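A short worksheet on the structure shown next.
The chains carry the letters A, B, C and D, assigned in the order they are written, with residues numbered from 1 in each.
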Amino acid sequence: MTTEKTTHVVVLRYFAWLREKTGVSEERLTLAPGIATVAELLRWQASRGHPFDAAFAKPEAIRVALDHAHVKPSASIANAAEIAFFPPVTGG
Amino acid sequence: MTTEKTTHVVVLRYFAWLREKTGVSEERLTLAPGIATVAELLRWQASRGHPFDAAFAKPEAIRVALDHAHVKPSASIANAAEIAFFPPVTGG
Amino acid sequence: MSVRVETADFDISAEMARLTAGNTGIGAVASFVGKVRDHVEGAPLTSMTLEHYAGMTEAELERIEAEAQRRFNLSASLIVHRVGDLKPGDNIVLVIACASHRQAAFAGAEYLMDYLKTRAPFWKKEVLANGDARWVEAHESDDAAAMAWQTSEK
Amino acid sequence: MSVRVETADFDISAEMARLTAGNTGIGAVASFVGKVRDHVEGAPLTSMTLEHYAGMTEAELERIEAEAQRRFNLSASLIVHRVGDLKPGDNIVLVIACASHRQAAFAGAEYLMDYLKTRAPFWKKEVLANGDARWVEAHESDDAAAMAWQTSEK
């Protein structure tokens, strides 16, 4: 772990109707330095333009996991390697 | 069904430790006319002498069924054909 | 809906398949298997004998099953209880409750067990490793569990 | 303790035998099977597809299982969840909870299901007889059921 400022490369994953609406199941990208929390990342997704704007128009309907663990919108994404977006789960 | 006074012949059955203590699993007998309720029948059992006196010494530890249905000590035995005595059940 | 008392063991997969066959409205199947434990209050157990009151047992189990069906709107249910000589690890009892949704299925299975434990005329006699044989005593906690259904605690 | 995610069906008898093998301290085995129903809100269902988040699913199920084990002192437990294409009547999920006594086994199985329903990353897509395909929406009642464990209502 280093404290100096580095670019933050993450894998973003999409499931269920978020996968269908975005047309993407997985992408690797470098996050802009201003995006620190899950809530900020959701706002950035909604600002990416088609088809992400429509898919992320209602962020309250979207759940987020950082490295395979559920998190709240206030969570920091600083240490995340894999970030997943999906609707509330419906298994069982 | 007749309303005239008839002798009441019943089958009495004994289970678990009541069967072991009395040495009887089933007997057929004519009830004395004075025995109208389950509680009275339990008192009569305790008065029959060995080995029934010991088996029925604690009537509160004994459950009774009339014709395959659980009943309380206050129940009338007037219409019973089969009366069973057993400890609280322990299946499952 | 059916109840069975038998000496033979049961196969839960086969029973479940039979119970749900042809009814694809069933979304939830809750079940319970009771087994002979190897210890009772710290003492090693060698075997257990289950006695029952043939005739009343079936009548009582059918009453319990009918009430569970009514209360929880079960689509299907089953109670199988073994009698005779059993060893540690052997199955004693199987209950299955089928419903559209899981809350009713779970509640149905728990209800069947709670009432079976306090109403169905079975008695267990345990033989311990030291040779002692004793009739199992009823648990107050079982009465309390059955009573709770009447006072809406459950 | 184990969790599995697979396309194949499961056999509850075999799973139960494996889970209890060699542990005669187990007196109670509660289980639940969830199945595909033939109707959703009155509309006939043709098939269902289950998607999941491989990696997170197993991690989340293991967290749920570990918490159930701790809370209810379970002797053994199992979660099997199917993924892929399923038809009405097909099995979706199996949970088994083993304990010394029935209250813990039942509570363990219910806990596993309540948390699986609200935490494990599975998503159902239903295809109706009229050709419509739609993602199942989460139920508030499922959130409430899981929440109840936190506030000691259960």
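As a working rule, contacts are C-beta pairs under 8 Å (C-beta built on N, C-alpha and C of every residue); 3 or more make two chains touch, one makes a residue touch a chain.
This is a predicted model, so every value here is computed, not measured.
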Exercise. Could you give the fewest steps needed to travel from chain A to chain C through chains in contact?
Worked result: 2
Problem set entry | Joint neighbours of chain D and chain A, given as chain labels | none
Seminar exercise, completed: Per the C-alpha centroid definition, the whole-Å distance linking chain C and chain D comes out as 22
Exercise. Once you find the CA centre of chain B and the CA centre of chain D, what distance in Å lies between them?
Worked result: 49
Exercise. If you average the Cα atoms of chain B and of chain C to get two centres, how far apart are those centres in Å?
Worked result: 27
Exercise. For chain A and chain B, what's the span in angstrom between their mean Cα positions?
Worked result: 74
For this session: Could you tell me which residues belong to chain C and also touch two or more other chains?
Result: 34, 102, 113
For this session: Mark out which residues of chain B touch at least two other chains, giving numbers and ranges.
Result: 92
Problem set entry | Which chain pairs touch, all of them | A-D, B-C, C-D
Seminar exercise, completed: Within the complex, chain C is touched by chain D residues 11-14, 16, 20, 24-39, 88-89, 100, 102-103, 105-106, 109-110, 113, 145
Exercise. Which of the residues in chain D end up touching chain A in this complex?
Worked result: 34, 50-53, 55-56, 59-60, 81, 92-93, 113, 116-125, 135-138, 142
Exercise. Inside the complex, what are the residues of chain A that reach chain D?
Worked result: 13, 15-17, 19, 65, 68-70, 84, 86-92
